[in-house]
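For reference, the structure I am asking about is given below.
As written, the chains take the letters A, B, C, D and E, and residue 1 is the first residue of each chain.
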């Protein structure tokens, strides 16, 4: 078949990434037990190199490979950089944790690298099977990572629940793919789009197939009602993995959703807009309401991320053939959300490293003992709550503007309202950290009763400090001046919405 | 000078913000140093605000000190456009004054002083920004930025209050205040998006208040649209202005907040709400405003009466003042709702006047609380003999609050009444009666707290510190100045109110 | 004359100077206040002379079409409400009117204030807040002078409130005493109620006229732009203010309590100047009251008469010297109102002046008594003339003058009032007015005889005469109390009596109705004789009389239970309502309407979390149900 | 002819499936699964997908069933008989029927008729798999690798320090 | 000839049976088996479609048998999934002595 492998060099970063992962696994065999951090550093160095490589090679490219299976365009480049960067942050913030809490440390980094590869291909795929298989690569890594603390009952349980529900949902997704295929005979997004151009002639099996695909992706996104695994898995998984689940797996799923909906489903937008909008509405309300009742910080963050997913889904619901605003809004939101969540999770991981506790009441008085740590967590939570000067505000405003521009004001209103609810439980955490009874304040002033962490570590490790600093700057940057990000994001939007 | 005028507004937002950021890097335990630093920053802000106020050419009117920075390109097209008219200039001055005052009297913050001033300056920046911008996005941005620090300021440095019948924890007050204000801003946000949507339907998707104002003027936004959008702004901003029945965050918040925060909060922050109604509600959806004004003025009147009557039954100094703020903001809402040039002017003047007056009161209550550790007026007695200057200042503030001529409150209330009499006679009469109720609770407060035989417990009390005296004295002078010769303020207000549509 | 505005400005300047510099100046700066008011007094003469020399041709002066008197008007911009020149905006001014009414009031105020301030040098000596006293005094004088000069309602209202607050401050001067504290609060709040009416009236007039200028209002009334209904309502609302300040029924309750202030304050504020502001106000806006046949004036007359009668009965049974004087003041203010209500414009102002001098004298006398004895209960006094002869003489002079003994000034002015009532009102009014005149002579006789005559009590022997700084001003006032009545006459030559100077629309000469004059003289003299017989000689016993009206005595002694009634309203209505609102705010608005939904949301969250059961198959069930719903939804959405 | 075959295989397939979800004995369930999987291979044959049929038999019939049986034996406990169905099975039945209705309905509403089964050449299949589908293929291999590593990490006996 | 739709119905039925198994069974091993049934249903659908739609390829140069390819991938993934799931189940069994998902509910709400 001519031309199929013509531009294969455009996939160099993927091959290199796979090679890097294999290299890490190989080196693991020779690195002594107490030096496994070297693998982390190796991964980071590799990822940094890959970022540079990708930027150099792929900037401005706009190609489709393998007869419509893979796209190398601004969109995939954007997400590629996003995921590679995320990988660096995750590895940085997990190195201490891994060393302390996990066995099989070397493979941990390898799995992270494989999952990044999965995410990259997800963002690039223009075809259902490619998307599915890369999604499975990501999922398998996450299944393993969730169950990584293999001697902890919670981690086992998380792994079991995750893989059962994950396999179940991938069966549903696949059934959807099979229905699409059995109706159209093709699985390329572009062909779906072509078939949908005349929605009246489409077989119901296609609609149901699309719905089933949405179910599978909804599981990945943890959109209601496919979200119930999320709190359990978040809670049971090792802390850095929780962060990874909350950020990476969501962003990757959204990358796929965006491309699928924009390149594949967009002609039938009138049919599915309301469906996605209702799903978004239910998701954000459920997530934020249930989060109100949580006492475990990981579960809280899980429900919070369910709520956030609902909000991002509104942007998907607003996707439109005549405006890039919704697509850009979703991507900008993902950037802001990921930076912010990374900031929060870095703090939480650091806190966990110090105390080994994850109930919210454990944060009591943290601001007095660890002011910087508390401040970063508080900033992150405020940002998640959508307060200004932080990323959360700007990205929400941008996304909701996109909604308004598509006439989905009611949905925007609901989303704003649900952010209000979310603010309440974020405040509960901040309150634990900052607000102390008047008597205690007096004691604190007198120099008594200063908060001292009970765990082995007494301060944030430099690795996490790096993550915190960089994400902190990012959170402020997106919050105050997102224009540079938007330039890139708009290019990405144009890539998946070529008509504009 | 021309160049400086251009960047003056950017500077006044940037300086406190930069100050806040710089303060973050100061050593945490050098309390005095942070305080001095904050004074310098606040002093600069004050100087700038005064400069802007004085430089504003009231003969020319309109928006001055214009400046614009590209922020986001099309399709959303958001610019940081800065400009002030007379109303904004006045309120910027108010914020400059109160921010400086608040910082000055915060010398006794010893618990995490650095963070306190960081948040306080950030709050100041938010307020300056809200008053200075001409773009809905940034208006909202700064509006929320002004709300954000409140939670921590109250929660961390506030005080819980144990009444005989109920308990108000500071975190309750802080959370309620914060969520309430954000809930209000939810409506505002929806309103802003609705306006954007409406403008997009007319072919001009923009957040520029200037363009939107022109669209409204040209009748591009249908009356029906305006009529359902305005209540979003009215209630949303109204929450921050303490509009009944959304006022309940305000007394609790005031009570729990530390002194400087109470000052800024009652003095400036509540004005943001009223300012929003004027600047966004009246300008961008004028027809909607017109249709809703009967409701607003009714709520304003309820505010006046309800706040005054509630204040009568309180026993905590700060609660009394808190409810009196509710009552006084009622005049502001009424004045706005008259859509009468005198009434609206009065509302704006009332914002200024009430800001100074209530800030002074909170300052003095703070001074009393610092010394006696109680605010219960049934416990405090005869403070006048121990704290003469404090009592004197408090009396003046109280008199201003009851609208005594010669003090700023009178002119403002009088103008509001004047406007309201022309438009809504029965409600205006009720409001005048409400003004008399003010006398009841203020005199009760003065009589119980300051007058009478001094209690033996208060023998050791010292009078206001030099700083408190200086700040309080300055506030008193401002009140008298405005009360006797309001023209310097009014000529700015008049020309800008005149330019509002619908007036 | 155009410098008349300086008269209050001196005192305005003095007040803050005393507050700020009081600690470093000798005498706590009291001399500043006295100098200021003395300068004002001097300037008054200059203004007076200028005014007498002015005519319709003088710049800024004209014969007003609304009052018929020569009116000079000066003004200066103050502030603009609304953009200058735009429709519906209004320019407020500092403006003064110089007309006969103002000139007369200026004279009264500056003179009495000067006297009282000099007197206070002795009376208040040694008080810990001496400087503060003078500062407020100066502020009061300034405000009062502004009040009489004001050319527009706003300025008038400003001054009106300022005198009120000064009154508050001075009544509560000794705030350590609970009674003084309460009295001050009561005075302020009661008068404030009237002020609200007045402010509403002013704003109502503004609504109709579009200006705060009194001249514009008069013009609107006379041109018919203000209809009869509005005019009457506005007049009555303004009268509410006047009632509050002038302690008219039913707002009279504050004035007796106001006696808790230092006595010179009572003399100045609660006898001679501030309390007559109400009368002055009615006179000042007489064109509004008298328009449309004066419907409003009838109300004024009725209120005045009720006040006069009621107060004089209470004065008869009161035992506190200052309270007797206070009720006397209320009664006389009622008479002035009655006179205004009876179109007796000139008479009212004439009486205002005469009463002002006499009552100031009486209060200063009472102050002197108090200074000498530290006692105010007349039952514990008697024969004080033996230890304080000058005080006794001067007090008696004042009492006789107010009692209406002929050739003393009170006789003439009261007679003018009776004449006006006789001429313009229903006969019932004149009968009751004469009764009031009799009663007022009676209580004056009682106060005078019981206090100064008869046997000196043992415990009063240590009492001493007051210093010259107190006696001097009293003497000057005494002279005026005695002879001021003569200005009412037509003197041979060019002077046509006070009626030719102070009049409304048409100058009136001095009238004297012989039968009325003789009747009132008989009543006054009779009352004093009767008093002498009762209180000194014990020739006439009141027991029989008391027995016959027995039931009424406690009612009168309890001041007709007004205080109790008001207290009941405050305690049982206002405070209960306030507490109800306070609770409503906390329970309904805060706990139910605010916390309620918040808690509901929280509980909803707690309830909703149950859907995550922890069992993996129920998660799958959730997904399946979601799948079914989504498929059906999507499918049918595509069909429709 | 093909109809008879189809019906027979369908019955076997579904019967095996029902056996998996209904039987109380877990080993029987595994055998029922094997039956069902083999019947599916038969179905592939009707569809002329011989390669897939072979793959099905090898992988499912061989590898997977064996692994399952191992798993059953490794976890064999006394509890198997009592942990057959959970409490929500009635609801599960209803939901399943509803799902069937939706799926079948959507297929039935606009069914393609008169279609002819067709068999691609095995070489074409292989060609396509290793050219056009090369990338998914490689990723699938990584999936297997990850699964392998994961299974080892998770299932191996813990030795402290590794 | 058997029309495509009957294969589709068969696959739907098998899918639903598998689904019922996931919903109703309590043993983790049985749940995993049920998932295998569902994946087989997918494959029936795919292969049936690939066989029947071969002549109706949309704008492609070669005959369309993508369904078969997808099915191969599905089988691969299914096998991997099964292996991993069983590993986790074994781990749980070892740690807790049970494969009953009812008892695997440390985390809830």
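Simple rule for what comes next: contacts are C-beta pairs under 8 Å (C-beta built on N, C-alpha and C of every residue); 3 or more make two chains touch, one makes a residue touch a chain.
Note that this is a predicted model, so its numbers are computed, not measured.
Colleague: Out of curiosity, which chains are bumping into both chain A and chain D?
Modeller: Where chain A and chain D share a partner, that partner set is C, E.
Colleague: Which chain has its C-alpha centroid farthest away from the centroid of chain C?
Modeller: Farthest chain from chain C, going by C-alpha centroids: D.
Colleague: Report the most central chain, judged by the distance from each chain's C-alpha mean to the global C-alpha mean.
Modeller: Measuring from the global C-alpha mean, the nearest chain centre belongs to B.
Colleague: Write out the two chains that share the greatest number of C-beta pairs in contact.
Modeller: Top-ranked chain pair by contacting C-beta pairs: D-E.
Colleague: As a quick test, compute the distance in whole Å between the mean CA positions of chain B and chain D.
Modeller: 69
Colleague: Could you state the distance in Å from the CA-based centre of chain A to that of chain B?
Modeller: 41
Colleague: Would you mind pulling out the distance in Å between where the CA atoms of chain A average out and where those of chain C do?
Modeller: From the centre of chain A to the centre of chain C is 77 Å.
Colleague: Where the CA atoms of chain C average out and where those of chain D average out, how many Å apart are those spots?
Modeller: 101
Colleague: Return the residues of chain C touching two or more other chains; collapse runs of consecutive numbers into ranges.
Modeller: 598, 609, 612, 614-618, 620-621, 624-625, 627, 631, 635 - these are the residues of chain C that touch more than one other chain.
Colleague: Hey, what residues on chain D touch two or more of the other chains?
Modeller: Expected reply: 86, 88, 91-92, 95-96, 99, 102-103, 106-107, 133, 136, 140, 143, 146-147, 150, 154.
Colleague: Can you list every residue of chain A that touches 2 or more other chains, as numbers and ranges?
Modeller: 1, 129, 133, 136, 140, 143-144, 147, 150-151, 159-161, 164, 168, 172, 175, 179, 204-205, 207-208, 231-232, 293, 424
Colleague: If we use the touch criterion from the header, which chain pairs count as touching?
Modeller: Listed by label, chains in contact pair as A-B, A-C, A-D, A-E, B-C, C-D, C-E, D-E.
Colleague: Using the touch rule from the top, collect the residues of chain C that touch chain E in their complex.
Modeller: 609-610, 612-617, 620-621, 624
Colleague: Mind pulling up the chain C residues that touch chain D in the complex?
Modeller: Residues 615, 617-618, 621, 624-625, 627-628, 631-632, 635 of chain C touch chain D in their complex.
Colleague: Could you pull out which chain A residues touch chain B in their complex?
Modeller: By the definition above, chain A touches chain B via 323-325, 367-368, 371, 378, 382, 387-389, 393-394, 397-398, 400-401, 403-405, 407, 409, 412-413, 416-417, 419-420, 423-424, 427, 430-431, 434-438, 441, 444-445, 481-483, 486.
Colleague: Using the touch definition up top, name the residues of chain B that touch chain A in the complex.
Modeller: 28, 70-73, 75-76, 110-112, 115, 122, 126, 137, 140-142, 144-145, 148, 151-152, 155-156, 159-160, 170-171, 174-175, 178-179, 182-183, 186, 189-190, 193-194, 196-197, 200, 205
Colleague: Could you please specify the touching residues of chain D with respect to chain A in the complex?
Modeller: Residue list for chain D touching chain A: 102-103, 105-107, 109-110, 127, 131-136, 138-140, 142-143, 145-147, 149-150, 153-154, 158, 160-162.
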